[in-house]
Amino acid sequence: MTDVPATSGYDVLVIGAGVGGMESALSLGDMGFKVLLVEKEASVGGRMILLSKVFPTLDCASCISTPKMAAVGHHPNVRSLVYSEVDEITARPEGGFSVRLTQKPTFVDAAKCTGCSLCEPVCPVPVPDEFNYDLAGRRAAHIAFPQAVPKKAVLSRRGTSPCSFTCPAGVKPHGYIALVRAGKYDEAFRQHLEDAPLVGVLSRACYAPCEESCTRADLEGTVSIRGIKRFMADRYYAAHPEPEYGPPKVLSGKKVAIVGSGPSGLTAAFFLAKAGHTVTILESAAEPGGMLRWGIPSYRLPKSVLERDLKNITALGVQLHTGVKVGSLEALRSDGYDAVFLATGTVGGRTLGVSGDHLKGVYDAVGFLHDVNADAPPDVAGKNVAVIGGGNVAIDCARSALRLGAKQVYLVYRRSREEMPAHAWEIRDAEEEGVHLACSWDVDQVVGYDGRVWALELVGSSSTGGKGRKQALARDESRRETLPVGAVIAAIGLTPATSPFSTEIARAANGTVKATPETLQTSLPYVFAGGDDVLGPSSIADSMGQGRRAAFYIDRYLRGVELSGTVFDDPLPEVDRAQVAAEARTDAPARLPVPAPRLAVGDRIASFVDFEAGLTEEEARANANRCLDCGICSECRQCVAACPADAIDLGMRARHETVTARSVVLATGFSPFDARQKPAYGYGRLPNVITGPQMDRILAPTRPFNAVVRPSDGKTPSNVAFVLCTGSRDDQVGNRLCSRVCCMYSMKQAQLLMGSLPLADVTIYYIDIRAFGKGYEEFYRQTQGMAVSFVKGKVSRIEPTDDQDLLVHYEDVEGGGGEKVARHDLVVLAVGLLPNTGALKLFPDGAPASDVHAYISEPDEELEPGKTSLAGVFVIGSATAVRDIPDTIVHSEAASAQVAAFLKRPGAKA
Amino acid sequence: MLVFSTNAISDMGIDLAGSSHLDYAASVEVISVPCSSGIHPEWILRAIRAGFDGVFIAADGPECSYVSDCVERTGRVVAEAQALLEKSGYDAGRLKMAAICSVCAEPFVHHMRQFGDALASASAPAVG
Amino acid sequence: MKTDPTFVDTLRLGGEFDARMCMNCGVCTALCPLGLEILPRKLFRRVLLGDHTAVEGQETTIFSCLLCRLCEQNCPGGVHIAENVRTLRTYLNREVHGLAEA
Amino acid sequence: MTDEKSRRIGVVVCQCGGNISDYVDTEKVREAASHEPGVVSTQVQMFACSDAAQQDAIREIREKKLDGIVVCSCSPKLHLATFRAMAERAGLNPYEYTQVNIREQCSWAHTHDPAGATAKATGLVMAGIARTARSQPLEPIRVETLPQALVLGAGVAGLRSALALSDLGISVHLVESSDHAGGQVMRWGDLFPHDKVGAELVASLVAEVGRRENIQLYLGTELVEKSGRVGAFSVRLRTFTGDQIPLKVGAIVVATGFEPYTPKPDEFGYGLPGVITLPELKEALARRPKPLVYGGREIRSIAYIYCVGSRQSADDGTGHAYCSRYCCSATSHISTVVNGLDASVKQYHLFRDVRTYGKYEALYESALRGGSLFLRYGEEAPPVVRSQDGALVVQVKDRLLGGEEVELRPDLVVLVTGMVPRDNAALTRVLKIPVGQDGFFREVHVKLRPVETVVDGVFIVGTAQGPKNVAESVQSALAAVSKAGALLLKGYVDLDPQVAKVDPNLCVWCDECTKACPYGAIDRVAYGDKEVAEVNPILCKGEGACVPVCPKQAVSVLGYTHEQVTSMIDALAKEAV
Amino acid sequence: MPVPISATLGMLGDNLRKRRSALPLGRRVSTAWARGLDLPHGGSTVLYTGQMWQMVPAINAMSRQLSKYENSRLTGLFGFARTLNRLVNLTPLLARTKASERRAYNERLRNIVRLLRAAGVEFGYLYADDVYAGGLAHDEGLDRALEEHARWVWEVFRRNGVRRVITVDPHTTNMLRSVFPKLVPGFSLEVRSYLEVLAEKRLTARAPLERTATIHDSCVYARYENVVEPPRTLLAGAGVRLAEPELSGKMTFCCGGPIEMLFPGKSSEVATKRINQLKAVDSRVVTACPLCYANLSRAAPSDVEIHDISDYLVEAYCPVEA
């Protein structure tokens, strides 16, 4: 695009680069005025460029448009801003207008993009192609159409998909789902690995907050995101027992110590090592993994998966020292570490704090699970076991106890079932396996006999109302129960293992480390802390998110860059799920969830084996196919890799600009009638009922199907009907006006159809044939001469047959009257044009006057075309009344003369 | 094969064939001129003499913004050039013309294939 | 057919016959569940042109109408077809059935 | 022209980040180009269009004193302007630059044949070099223009365009052949759609014209002669007294209007008392008669018969096959005016299609609301109008009742007559602008250049171009003003210098080129002792219509000379795949 | 020869003027349904039946009688019948109803009461003053008689101090909401169909039905009174998965009922057409109008079930406690 400096003022602002806006910009530019042309779409050209041929001369719309589009692009006096919107126009006290506008982000650096389209084929997200009126698909990464000016790619992004937005670990599920859908499994895995390591762990043991946020969950049920991940991870690991990469080639020379090898420590190590730092993990236990190894029962996370995940980290050169207890941070400093990341995790369980809580047979959850995982479980076989607590850890303990052969397992929880912090499906699974819930009971005391636990004395308990965990509890002494048990597992909270450093860094009362929430830096500048150390007990994904965040800031710290002044993660705002769901509901058929197959309950609790089978390839792809592409672009970054010019910039954001203009031309065009408003015609419901604009695409040489075919089955139509006045001259849709172009464009399409399908029958149902312009009546005669049938009678309704043909009901007005029914195999609705009222909203101080139909008025239509009620604001083309192309061009040129006169009026300042 | 195309219209169609990765023979080479009504018949003879098997004029058609009867004018050029070819002992079929509009990628490729096939099946070019 | 421009005024006395906005598109007739050939469009047209014999000769048709308003719901001219039919019924009750008091 | 061997040409081959180089061996192409005579600089760039690459090229042009540059990259549609600007920044004449398309027309088209693509790219580059070697610097043709315009016709369109030209500071000579300004509209009363009164509307324009110092109105005056070129026409006017007035103007606006169709005697009863035309009714209603009386008769009912003089089959000899566009709206409107005068008047419209297009549908609606009845007749069975016992009887087969005959007894029959072109023969001769089949003046292209004619600087507006209502006439009048403004406001226009040129040494004046030129751009001039053709570069559009007709190959278009094209053909043939 | 129009309409007009109803039923018959429900007398909000549900058995009976006469020469007797009807109420003779049928129709009204009570709506009933609204006279163009009747009905409401009315059928809803305000000066009532009232209450189904069905919209509800969504909302809430027929909602197709009295043959043709359209979608059809219900039931073959919406709603929202 021409590079007119953006800073200075313009003589004219033209809004809308359709045929009228382009004409106006060019003629004003030719007269020597400085023009800013703003277009909301990614290319200039408006609607005309979408047409096949244009009446009455049947010349090619593209051939007429493209030279004008090119001229607009290169005119020295015209700056055209595509993919941009005017937000507000206000009058300036000194004259002229102040214009606020927004350049929407294309996520492609226009200066670098060469229009080569290599981003298109690699993009896994299909989008209905607006250029083809949704008849065909395009990709989220695309060039608007082949003749686009400028010919630059655009990524369609509506925001961040809820799944990706929600993930605390920074994983972008939408991306790998889109890639799995496309069959690009390895790419999917690699994309995940770029965002977060521990892919296998997450695929088994993550609580998948993404699934809760999945828009499909609001419809038929969530996409099984974790299932897809597991499929992709299992498949990848089977094919790649070892990582595909080694340590980075360029090293920073900086050393980092990471204390603890749980999820946050491992994640931080991964990212820091990738950044070229030398990373050592110091783990006190004999084996690495922290809670991943000791806290999660293997029916949820097999150890082999963890081992393979660890390789993704060690392959980068990360040193893992186990059995090392770190006692002092200062010591690490003197050992030569430039920075420390403290991620010791929560190792201690809290005690019950009631009498008898130290009896034999009373365990804390951490210890219990550790022993289970260490293959040295306490003997609970044949005993009644009570697990105290309502969280996920409690569930893990209860289900493990079942698997160890416990007779009955009770889950005792102080509050109601609704208040249980464990995930609903975990509770469901536990119940399914036979765990008894004892909600609204509190432990009064543990009753022992001979030093061993013998029973639990329970007392009624309930929250005092409202929802949430913070509600106060009240004991209900009227309810008491004694539960005979042989083992009690307390799963009522964990404490972080930060006490060794209490003298060196600041801690909170609950034992967590005080760290700046954004940077995770502690009171010792070289020490950062994260995961449970900061958050308290938290999920794997949360901890990994902390590790990633810490790595980002530790890297900055090591590079000597200010920690502040940057944003760690800056996603686009989350898309509105309700809106996506509503759109999905209107059209798409239901897509039912594809659940992962599971073992029968009996087999499940017999051992610690993985009870859920992975999804098969078909199941994984079926699930991926259920993705609604909420954010449109999935952030899979395939385009980034494919672009030879390095032009893709996912971080691009909207740019706002304020300019001045001495005058404004509104060339905002029309909006087509939505044929769904006419349910009797079945558009949107009957596949072979299409609109005139769609027919134009089917007839255009650049047509989507490369032949004239009907949508339902690709059959060549042989009997086509045109239904005129769809949405025009119709009180029932609130538009009594004539849309002026539909008779002519239908006849044009009829002629083109007869040209490509000479044997087809074509019928045009009309009220009046409005062939009024120069050469139009002649065109009408010519159409009649081509044996196109014209039937006087508006179509009343359209009904489908079993084979997707259409029965068209009408009155044969001139043939004696009465209802007739004709069978056609394709019906084209000649949809009308409606005013586009958007421009009226741009003027906060008072919009130009509009008429009763909501078109912008020309108060003196006869003598002052193009002038609105506001001095200096002009209107052209269909923004003021529907016009055909020749009339739009004449009107635009006329308005240009008016603008010129306004700019040259006596006393006007340049 | 030598193609004469036009800056404003048929060039766009041929470009589109390329950007849509529609395959046609690499032996098709293009010279662009402002308007197909301005092609000199001698150029065509020159091309055949210089060794091209055939010449194709990708004409402007009715969209031509210069002359409303561009199709007829280009037709006359073709007729004259064909006469010239025959006089020089070449098959007049070695020159073809069709209107190629700015979105006529498919038709262009189709013409190239057909014309290529026709030229190949014609007897070896006789030099007159 | 001879026209009588005053006939429609006779009808207005009995109710609110108003078919002026009809543009003879035929949607109404083509939707009639009974497939009445003459009603609504052609009959209304005859009323407007002043052919009262058409009204009197179409008693059965006029009383057959279901008043279901499928036609009216889709009339692009916004003609209140059902009300017009009722008006014609009132007219017939008064002029033909001798039910003026009804 | 310099000898191509002594040229200093630079070649840039673009890889387009693989889009080209994945299929075309760009290094091989560069290598081949570097051996070409006249080529003194070659480079391969990853992205020739990037800033850095452009800087490289500019440095190369300056350092190696290049006098021509060939960039082998993508389609010229994308970057011709980019590289022309680059050449200019480097101090090189932009017409010494050639873009060779080795992407859209090479690498992308032949992805399955890298060797073929490379060979083809080499050929195309050679051709580009050959063309550049024979190129010459060209400067835009700057044409001085006079800020003066001639407007023919002082009807609504002429008056309004005169005022608009005057607004832009362009002086206007407004020439009207009759003895008064105002045209047809002056006689009319309420106009659709806003009920402005025609006479008042015209009067306001005439008064404003009178107030403008830079508009000169000539009544009873005709244009009799025109010569010269866009921006500086010499014209001669002749007044009704026979005086001749010579003028110099930069542009000419033709706003000579239309004639209303006059029915033939007996056509739909024309001639019978009470059978009148629409313009006659309009004139009558402009006086707002109350009660509604015409020719002494009180009017209780009116029958309008539409499409009189319009939409007639071509074979009936009248030649008015076109639709006159304004009449349906005008008649719908006039029936509302009648309603306003006397709501009890019954009105019957005998129409073929109601063509109240766009917003004018509201007029049809208001006619319906006023109680107008529409009866549809077919071309094959036109209504019959006769007189019976002093009364008018109209019989029409109403297609809306399946062709049943309906008999009306209106007090007035109004024939809705269309617009026909005026006798434009004299003006056509003087201005050399064509008329179309319908007899109206013909524009160059209805969409690309709707008010321009084949003669640059001569515009056609209003009903001289075709039937229009007042608002539409004014729109086209102002459209011509913006086109004229672009020509005249700056005092000059820069034209593309790639125009035709005659080699006087070869020319033998056979007149073929003159006949072929659609723009009248070729003159006959003396050259030494012979007469030769000479192209007026101001009128020439550079399309080359004259090129193929010249038996001596004496004329060619700059940038596409015989030498250039044949050298390209040879270069391509040599490298043929 | 069809049933003589003038005589039939004459009888209708006479009944309306003399006996305040198209089909005078008698107080005992028209209020029998409310027995044992302990509905309060009157009040500012009343459930107003307009006697439509009660009348359907009589209409059915009459139709059985009339179908004997259509196309028979006996139709000449109708003129005589009308004269006689002015003196003696003949309609009960024609409309000999079956008790079982009466009970079935009355049950719909009891359903509606149960539903409204479940939704916590408070209302009374006018008993003897629960009069006919005059829909048939309106349809047949008996405007003079209707005007008189409408004024009388308004007087009845006023006398009872009624401000808000909950209606149970589309025809009565239309008369009260859209016709009477134009006929009677000063007429002002807030009129809402029980479906609209219930739909707003967001009831939870206690026994979701888990069944499929199709819906037949009443022309009067859908096109006259814009009641399209409420039945759908309620049915969806009741767990019914509705499949829409080709013509539904605002595009619904008539059941043929309105011309049942004058042209029973044509009426049943329309009903059969409609049944076929509905059958193509589901064999269970839900209606919300007593006339649609009756007319479709008459035309339905054995494999098509016609249900009144209140049956389904009661089953889901007010299940009988075990």
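Letters A, B, C, D and E name the chains as they come in the text, with residue numbers starting at 1 for each one.
The working rule: a residue touches a chain if its C-beta (ideal position, glycine included) is under 8 Å from a C-beta of that chain, and two chains touch if they have at least 3 such contacts.
Computed from a predicted structure; not experimentally measured.
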{"item": "Each chain counted as touching subunit A and subunit B at once", "value": "D"}
{"item": "Per Cα centroids, the chain farthest from subunit D", "value": "E"}
{"item": "Higher-contact pair (C-beta pairs counted), C-E versus B-D", "value": "B-D"}
{"item": "Identity of the chain that, by mean CA position, is farthest from subunit B", "value": "E"}
{"item": "Chain whose Cα centroid lies nearest the overall Cα centroid", "value": "A"}
{"item": "Centre-of-Cα separation between subunit D and subunit B, whole angstrom", "value": "29"}
{"item": "Interchain centroid distance [CA atoms averaged], subunit D/subunit E, Å", "value": "68"}
{"item": "Computed distance of Cα centres, subunit E from subunit A, in Å", "value": "51"}
{"item": "Residues of subunit E engaged with two or more neighbouring chains", "value": "250-251"}
{"item": "Residue list for subunit B, restricted to those that touch at least two other chains", "value": "12, 16, 19, 65"}
{"item": "For subunit D, residues that touch 2 or more chains besides their own", "value": "77, 103, 354, 365, 376, 400-401, 448"}
{"item": "Pairwise chain contacts, counting only pairs that touch as defined", "value": "A-B, A-C, A-D, A-E, B-D, C-D, C-E"}
{"item": "Contact set on subunit A toward subunit C in their complex", "value": "680, 725, 729-732, 767, 792-797, 809-813, 817-820"}
{"item": "Contact footprint of subunit E on subunit A as seen in their complex", "value": "679-680, 797, 799-800"}
{"item": "Of subunit C, residues touching subunit E in the complex", "value": "14-15, 33-34, 59-60, 63-70, 72-74, 86-93, 96-102"}
{"item": "Contacting residues of subunit B [partner subunit D, same complex]", "value": "2, 7, 11-12, 14-19, 21-27, 29-35, 37-43, 46-47, 50-52, 64-68, 73, 76-77, 80"}
{"item": "Residue ranges of subunit C in contact with subunit A within the complex", "value": "21, 23-32, 35, 37-38, 41-42, 73-78"}
